[in-house]
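Shared chain: chain A. Partners: chain B in the first complex, chain C in the second.
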Partner chain A sequence: MTNFLQVLILGLILGGVYALMASGLTLLFGVMRVVNLAHAAFMILAAYIAFFAFDIYQVDPVVSIAITMPVMFALGVGVYLLLFRRIEGTERYVEMTVLMTFGLALTIEGLLTFFFTGIFRSTRPSYATQSFFFADLFLPKGQAIATGVSIALLAMLWAFLTFTKTGTAVRATMQNRTAAEIVGVNVRRISAISFGMGMALAGAAGSLLSYLFAFFPSRHWQWVAILLSLIVLGGMGSLKGAILGALTLAVASAFVTDRFGPSWSPITFYLALFLVLMFRPQGLFGKVVRI
Partner chain B sequence: MTSLLQLSQVRAGYGVGPDILDTVTLNIEEGRSYCIIGPNGAGKSTLLKVICGILAPRDGEVLFRGAPVGGMRPDELLRIGICYVPQERTVFPAMTVRENLMMGAYSITDRNMIQTRMQRVIEMFPILGERWAQLGGTLSGGEQQMVTLGRALMVNPTLMMIDEPSLGLAPQVADQIFATIQGLGDLGITVLLVEQNAHKGLRCADWGIVLDLGTNRFEGPATGILEDPRIRELYLGTTVAATKESDQ
Partner chain C sequence: MTDARVEPTIEHDPLVNDEASEGQGTLVKRLVLVVVLIAVLGLPFLRSMNGYNYVLQVGLIVLMWVTLASSWDILGGYAGYISLGHNMFLGAGAYFSGMLLAYLGISPFLSAIVAGFFAVLVGGFFGLITLRARGPAFIISTIALVLLVNNLVDNWALSGGSSGLGFPLPPLPVEWLKVPFYYGMAICAIGSVYLSYRIAHSKFGLGLRAISQDETKAEVAGINTRFYKVSAFAISGFFIGIAGALFGYSLSYFRPITFFQIAIAAQMVLSSIIGGRATVAGPVIGAVLIALVNEFSIVQFGATALNIVVTGGILLIVLLFFPQGIVGSLRNAGRLPSFLDWD
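Take a look at the complex of A and B:
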């Protein structure tokens, strides 16, 4: 029983971080129908920013979120204006965005490898290796902090989407782009903001990732595969789905790790992806789209 | 009557495709209601999309109260009073009826004005008052159409363009929608209606415009336009045949 609880706790505190990572990806898909294959590459880029901030200026990786989020927001808006705005509304838009984000991912990976080489990196704040203890249970301090920060950021995202006018416009655009356009939402402005927000969330996730997991430039492929499986389970474009998908699969993978060892953990995500696509392709909270 | 909207020699199409609209020249007068009829593929919906800014014209001039508005964004055009209710269902499915109407008032900041207009919408569609907290996606087709019309009325438009409001609705529900559209003139709204059901559409309009092959063939008072011999030819395809012959 203790072991069961322990594994559950480890799964849940990892799930909080996964939820943050997946939220930006699902937001971008919801608003713009862009499957951003470069999402994790942007996360790794942010992790490098956090790494050098820590290494050179001793900035705590959690505090570095204050740097990575605005930097990545600006980068996201720039990428949208430069690359995506021109192809909006064209034929084969979806196919083009997949190729474009794939190219972006390769470009970022290439640049990171060129400048920072392929060696493993991670920031090492003191709490990364400490734990809280309760009776027989332990809670890794670093992961607990990361999950707390993730929950706080997701709550802020929720409040933004629910209570602000721009947030309402983002939700409206996610639900029906044409309808948003005809009630007077400047959907291009909303797209730019959403792209920036998606990247800012990737930035925050990257800061946390920098001390939770060792990283190197090509590590993003594994991450983006995991994140895609989370949002496919939850239903593409649904924030609630992304969060539940993240928690479910993080817990599942924690149990798989406990039972079969860490090398089987990634299988959990791909198996879930496979099963969801077979039995419920729209995901838990997605809607069926007929073409 | 003063001229509200003028189109001259407007051409438009999608992507790299051919021209759907080929030199449309129209004059819409303020306070009058219009029904555009014509066979499938005549360019009726495309015409409305150009006027509301979803589709930019390739050529030609669009004037609203004398000022050029061709190529402006939908949100800019909405602010000057041009509003569009598309053919496809466009309620926000995960928002309540109230939130949907609030989205209609997205470009308005005056809270009192929003309240007054919301009251007016509920008076026009009492059923929406009953469905107040229900999600848009769970409403029936007719109720969704009422939400989209009500949402459009939140901006108190000068020109309201409505594309096929009766599509997929039961006859009684469609009649109710048509009755509402007919009443829009009393609110000082100029209506531009596109309707596949020519009889019903023309009954709630003052003026009929016949569109075919991307250009306006002729127009006239709504009552009587259906008796025009050219209408029969058009729907039987003789005009099409004649045009093709003259092209060769």
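Take a look at the complex of A and C:
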């Protein structure tokens, strides 16, 4: 029983971080119908920023979110203006976005490998290796902090989408882009902001990733496959779905790790993806979208 | 992008034999075809050439990429279902034949064709699952598929796990060693281009193009879209599986990451797109171009990381500025030379 609770706790606190990682991805798909295969590549890029900030200036990885978020926001807006604004409204738009982000992910991966080589990195703040203890249970301090930060950021995202005028416009664009444009939403501006926000969330996730997991440039494919599995499970473009998908699968993978060992844990996500595709292709919270 | 694909099929409807416009064009086409075939099949006869084995090795690689890109085009081009997981077939073929060799001593030259059928089976099985999804969810599932297979093979003791599988090369003198591999791959390349040509000019191919245009309409029009898609997925694996068996054998040692890495899928996609998706000649041109550029840059710079940057960068540029690729863009401009027009 203790073991069961322990695994459940470990799964849930990882799930919080996965939820943050997936939220930017699902936001981007919801607003712009962009399937961002480069999301995890941007996360790894942010992890490198956090790594060097820690290595050279001793900036705590959690504090480095204050650097990675604005940097990645600016980068996101730039990428949107440079690449994605040109292809808006073209035929086979979704497919185009997948191919473009695929090219983008390869470019980033190659550049990261070229500059920082392929060796494993991670930041080592003191709390990364400490734990809280409650009776028989333990709670890794670093993961608990990461989950706290994730919840805070997700709450801020929720508040932004619910209470601000821009946030309402973002949600309107998610629901129906054309209708939003008709009622006077500046869809391009919203798109640029959403792209920036999606990337900023990837940036924050990257800062946390830098001390939670060892990373190297080509690791982003595994990450993006995991995150995409999460948002397909939750229903693409649904924030609620992404968060619930993240928690469910993180717990599932924690149990798989406990039972079969860590090398099997990514398989949980892929198998879940295939099960969802077989039995409920639109995902748990998705609408049937015709693209 | 869509228009480029509709119009040619209407203008050059394969079912209507437009005698007037052919004639001289057909002659040039036949001539070019014969010259290319002679060049491909005759290369190993130039034995006095400098660096003979190196040239054959490069030829082998180029022919492999022609096989991969042409096969990818069946699903990714004609049917419009982009797969980022087709390197799975390459690994399936390599491991099928490699394990038969390692454990039972059966030569991959014999088992390669069976490896092709094995790849078709694997494709059919996974196609039934992944092709329940359309659009982005399908693409995502193909990435997950490769990573899943990679993970499984990594953890499977019989396949050597992540440390890989090794076996001896065929007992041939060094100056003859490359020849059987080269001809095997040449058969794959010719076979896959011929397959692509036959599909482009069949009812099956028209059905796939209809799916690519508008799947719901195609379904309403009475096309069994599911059967068509899954068949396309499975058939496209056949020659890739054979190529995998031969290529894996020629390496004499491989690991899961040799085949199940995303860079291979990337090059398939890029070759096909830069040459022109949903055309017969496009993937061939694209594959030769990209494979040679890659070989050149490895020889010159040796840096694989920059190779990935170049692959990604070219993909972005092609998508932004000429998404229809070489063949498609030339056709749109009305300047497609007849020897490239096999659609």
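Note that the second predicted complex is superposed on the first by the 289 of 291 C-alpha atoms of A that agree within 3 Å, B and C clash if a C-alpha of one lies under 4 Å from a C-alpha of the other, contacts with A are read in each partner's own complex, and residues count from 1 in each chain.
Simple rule for what comes next: a contact is a pair of C-beta atoms (placed from the backbone, for glycine too) under 8 Å apart; a residue touches a chain by one contact, two chains touch by 3 or more.
Given the structure is predicted, the values throughout are model-derived calculations rather than measurements.
A.B. asks: Putting chain B and chain C onto chain A via the overlay, clash or fit?
C.D. replies: fit
A.B. asks: Examine A:S263 and indicate which partner it touches, taking first as chain B and second as chain C; both and neither are also allowed.
C.D. replies: A:S263 contacts chain C only, not chain B.
A.B. asks: Could you look at A:A169 and tell me whether it touches chain B, chain C, both or neither (first, second, both, neither)?
C.D. replies: Only chain B; A:A169 stays clear of chain C.
A.B. asks: With both structures superposed, pick whichever of chain B and chain C touches the larger number of chain A residues.
C.D. replies: Larger number of chain A residues touched: C.
A.B. asks: Contacts for A:G103 in the overlay, against chain B (first) and chain C (second): which applies, first, second, both or neither?
C.D. replies: Only chain C; A:G103 stays clear of chain B.
A.B. asks: Identify the partner contact of A:S131: answer first if only chain B is touched, second if only chain C is, both if each is, neither if none is.
C.D. replies: Neither partner.
A.B. asks: Where does A:N3 make contact in the superposed view: on chain B (first), on chain C (second), on both, or on neither?
C.D. replies: neither
A.B. asks: Identify the partner contact of A:T90: answer first if only chain B is touched, second if only chain C is, both if each is, neither if none is.
C.D. replies: A:T90 contacts both chain B and chain C.
A.B. asks: Using the touch definition from the top, say if A:Q222 reaches chain B (first), chain C (second), both or neither.
C.D. replies: After superposing on A, A:Q222 lies in contact with chain C but is clear of chain B.
A.B. asks: So after superposition, what is the minimum Cα distance from chain B to chain C, given in Å?
C.D. replies: 8
A.B. asks: Hey, what residues of chain A end up touching chain B and chain C alike?
C.D. replies: Residues 90-91 of chain A touch both chain B and chain C.
A.B. asks: Taking the complex as given, what residues does chain C use to touch chain A?
C.D. replies: 1-3, 80, 82, 84, 129-130, 132-137, 139-141, 143-145, 147-148, 151-152, 154-155, 216, 261-263, 266, 269, 273, 303, 305-316, 319-320, 323
A.B. asks: So in the complex, the part of chain A that touches chain B is made up of which residues?
C.D. replies: Those in contact with chain B are residues 90-91, 165, 168-169, 171-172, 175-176, 178-186, 188, 287.
A.B. asks: Mind listing the chain B positions that touch chain A in their complex?
C.D. replies: For chain B paired with chain A, touching residues are 15-16, 52, 54, 73-75, 78-79, 83-86, 88, 90-95, 99, 102-104, 106-107, 148, 151-152, 155.
A.B. asks: Write out the stretch or stretches of chain A touching chain C in their complex.
C.D. replies: Residue positions touching the partner: 29, 35, 37, 83, 86-87, 90-92, 94-96, 98-100, 102-111, 113-114, 118, 218, 221-222, 224-225, 228-229, 232, 236, 263-264, 266-267, 269-271, 273-274, 277-278, 281, 290-291.
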